[in-house]
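Order as written gives the chain letters A, B and C; numbering starts at 1 within each chain.
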Amino acid sequence: MSGTLLRVEGLDIARRDDPSLRVVRHLSFDIARGEILAVVGESGCGKTVTSLALTGLLPDGLVVGGGTLSFDGAPLRPVELRGRRIGMIFQDPMSALNPMFTIGDQITEMLRAHLGLGKAAARARAIELLALVRLPDPGRIIDTYPARLSGGQRQRVVIAIAIACNPDLVIADEPTTALDPTIQAQIMALLAGLRETLGIAIMLITHNLGLVAQAADRVMVMYAGRKVEEAPVEALFARPLHPYARRLLAATPHPGRTQTRLAEIPGLVPSVFDLPPGCPFAPRCDVAVARCHASEPALSGGAGHRAACHLA
Amino acid sequence: MAVLIVLGIAVFNFILLHLAPGDAADALAGEAGAGDPAYLAILRARFGLDQPLHVQLWHFLLRLVTFDLGFSSRYGQSVASLILERLPATLLLMGTSMTLAVAGGIVFGVTAARHAGRLADRAISLVVLLLYGTPMFWSGLMLILLFAVRLDWLPAGGMYDMRVKATGMAHVADIAQHLILPAATQACFFLAVYTRLLRASMLEVLGLDHIRFARAKGMGERRIAFVHALRNALPPLVTMVGMNLGTFLGGAVLGETVFSWPGIGRLMFDAVFQRDLNLLLSILVLSSVFVVLANLVVDILYAVINPAVELR
Amino acid sequence: MIRHGSLWVGGAILLAVAGMAALAGVIFPDDPFAMADAPLLWPGTAGLPFGTDSLGRDIMAGLFYGARASLLIGIASTAAAVGIGILVGAVAGYYRGLVDDALMRLTELFQTIPPFMLAIVLLVVLGTRLTTIVTAIALVSWPAVARLVRGEFLALREREFVQSCRVIGMSDARIILQQILPNALAPVIVTATVLVATAILMEAGLSFLGLSDPNVMTWGAMINMGKDQMRQAWYIVVIPGCALLVTALGLNLFGEGLNDALNPRLRRQ
């Protein structure tokens, strides 16, 4: 359970037609073996794009413009690793599975391609995986088509596919957002359990801080393509340093506490192609001072807990 | 429904028969002037042309149901046996050219979609555009001009060499040689249609979530295109192929005439040439039945390729 | 950019063909069926750029008169098909219910008969004159238009501006013609362009089978007459075929360009 698994240093993701337009700017972070790192922020902050860059799945218009990525001590080669050592879980289980193939086909094709299993062995392993993600009656489900399954069941299948080849890392991009609240908790419990039993590290992308509190070890807060705060999960919830993180926390319903009005964050995330001078959050920040509008703060703080704010 | 349509077509044919100059006896006897009065009188009596119209219609339908399509004086043979005799040649040509067209359409359509906007796509699109505008009979003549007249590689027409009575494998090879040019001619046109159709539906499918998920699973690009995406892009192609199979007999008139291929199309051309209306209408009814059958086959195929559709 | 290119290239080709059709009688005042010179003269000889056919007719003149016939038949039959298609489709889509059912059964019936075959039979029954050829092609082409128009009407009749017309008591005919039809026209125009190409190719096929008006020079008929001399004089077949190809290409390009220009949904891609 120790040692760095994924190291990202100075990652830039830019438009293919104009490399000066960057959607992710100089992003650095680590994930240790068996660790759950939550990446939070509103949509448009660069969370998903970062995960796509790690797996070589960036859309046509975007490219990695710079930075070093390494995985398990060697340079990261997304096309070789994905499916084998890096699994992915997408937001919408309804559209992630191919409607034309059975659940079994979609699991076994991977096992056969990556692990070289024979037909019978792949099928046996697929049934095992379906049981592992706690789907009822895996021997029957393996021969059904996705249309027959509920959203929660499909997300379990997607998770089974993500962990099929015993990966070291699973990137889960909003794995519960499309699901009912009761199912959400079950899926998160399943992911946390898989980390315990299989030692898989998870990069959990979400805007739901409730989930983060429940499952994550560390949190990275992103805003407008940058990392603005990074902390162990208890530290962040106890003492958020960045005003944006404070606002995110204020906007999160707390279990147990009676629901008062959630504090909405006024304004929108600025377009990453049209950033204001200085701190990108300054226009929405209620404690901003003149300096915030003039220069962009660098990341500072102790080893475990750092933030990019002049006032932190 | 299918029965109703065939019935409708039969009635429609009956109307056409009565629109023709002269009465049905003239038409049945071939060109109006050819039948001598005594023969016409016999025909009139046989088909009850002195009776009221609705009785005639009833008799017409009865004959259709019993596949009694009348007698062709030109060929000295019943129309039904004449058609049955010519059917295998047409089916052979149809099977070969449609197989070629579908296979080519899949390869070119998928390739164009995978490289959309790039050189391969543009080259394929240009060829498709040219093939689209080329009248089938003319491209057949051009192939004859090149491969039969200029290069003398292949026979210009017919289904087998009349001079040598080949048997066994030599006979098969002989027919295959004669089949190449007419099959290629018909295939080219449909290939253009299918390439265009498949390119469009592949482009749509390649943008879907489950294709990205398949990439995240670590599947190879070729497998993703030809297995994952193709299966999803296939339904419109199946519909189109079904329609083309149904109306194939119509187009076959031109192709078979150009290559003197002894099938239904060529028979129809002869019927046109000799103004043998009864033979023409019989072929028209037959090909309409063909269309209805093709629609049924498409429905079944749909259920085979798409698990979400269930046969009632 | 490329897309708009196809509109211009297609338009230019169509303009050229239309020019040929218009000028046929001016440049070649003689009957295109008349003997112009010795038979089977190769292109370029005796001052005839495209030579003569087996009966000594000027192929260049045939080409010009053929353009006239092709465009005339293509446009007239498409106009008729669009007329029938709009009538059937508009009534079916606007009134729905039983009327729709009946009209769609009829449309289905026509779609079940292979179009080229039906055209052949119609011409054998009706005889081959310019008018019957136009009629036959129109009769086999209208179902596609009818389906398209019906679909547009079904969607548009529920829109607010149509509903409000009904509320103020506007007559059905006025709603159909003045309110809905103009909004449904863009896809119909695109389809019509492609239908003209189909009609021209169909007419050529019919002519090739000998089903053409014997008094009208068409490209298909020229190919039909030349096919037996292909060994000695292949140019007789190649030249009108190229004319057909270029014309159909022009129409398809033009249709594609129009589609992109008129259809904002596709333009965004």
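Note that in this section a contact is a pair of C-beta atoms (placed from the backbone, for glycine too) under 8 Å apart; a residue touches a chain by one contact, two chains touch by 3 or more.
Model, not experiment: these values are computed from the prediction.
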Which two chains have the greatest number of C-beta pairs in contact? B-C
By CA centroid distance, what chain is farthest from subunit B? A
Averaging C-alpha coordinates per chain, one finds the centres of subunit B and subunit C separated by a number of Å equal to 22
Separation of subunit A from subunit B, taking each centre as the mean of its C-alpha atoms, in whole Å: 54
Which of the residues in subunit A come into contact with subunit B in the complex? 55-57, 79, 81-84, 87-88, 90, 92, 95-102, 109-110, 113-114, 145, 147, 158, 161, 165
For the complex, give me every residue of subunit B touching subunit A. 208-210, 212-220, 223, 228, 231-232, 305-308
As the complex stands, subunit C meets subunit B at residues 105, 108-109, 112-118, 120-122, 124-127, 197, 201, 204-205, 208-211, 220, 223, 227, 230-231, 234, 237-238, 241, 244-249, 251-253
Show which residues of subunit B lie in contact with subunit C when the two form their complex. 4-5, 8-9, 12, 16, 19-21, 129-130, 132-138, 141-142, 144-145, 149, 246-251, 253-254, 257-258, 268-269, 272-273, 275, 277, 280-281, 283-284, 287-288, 291-292
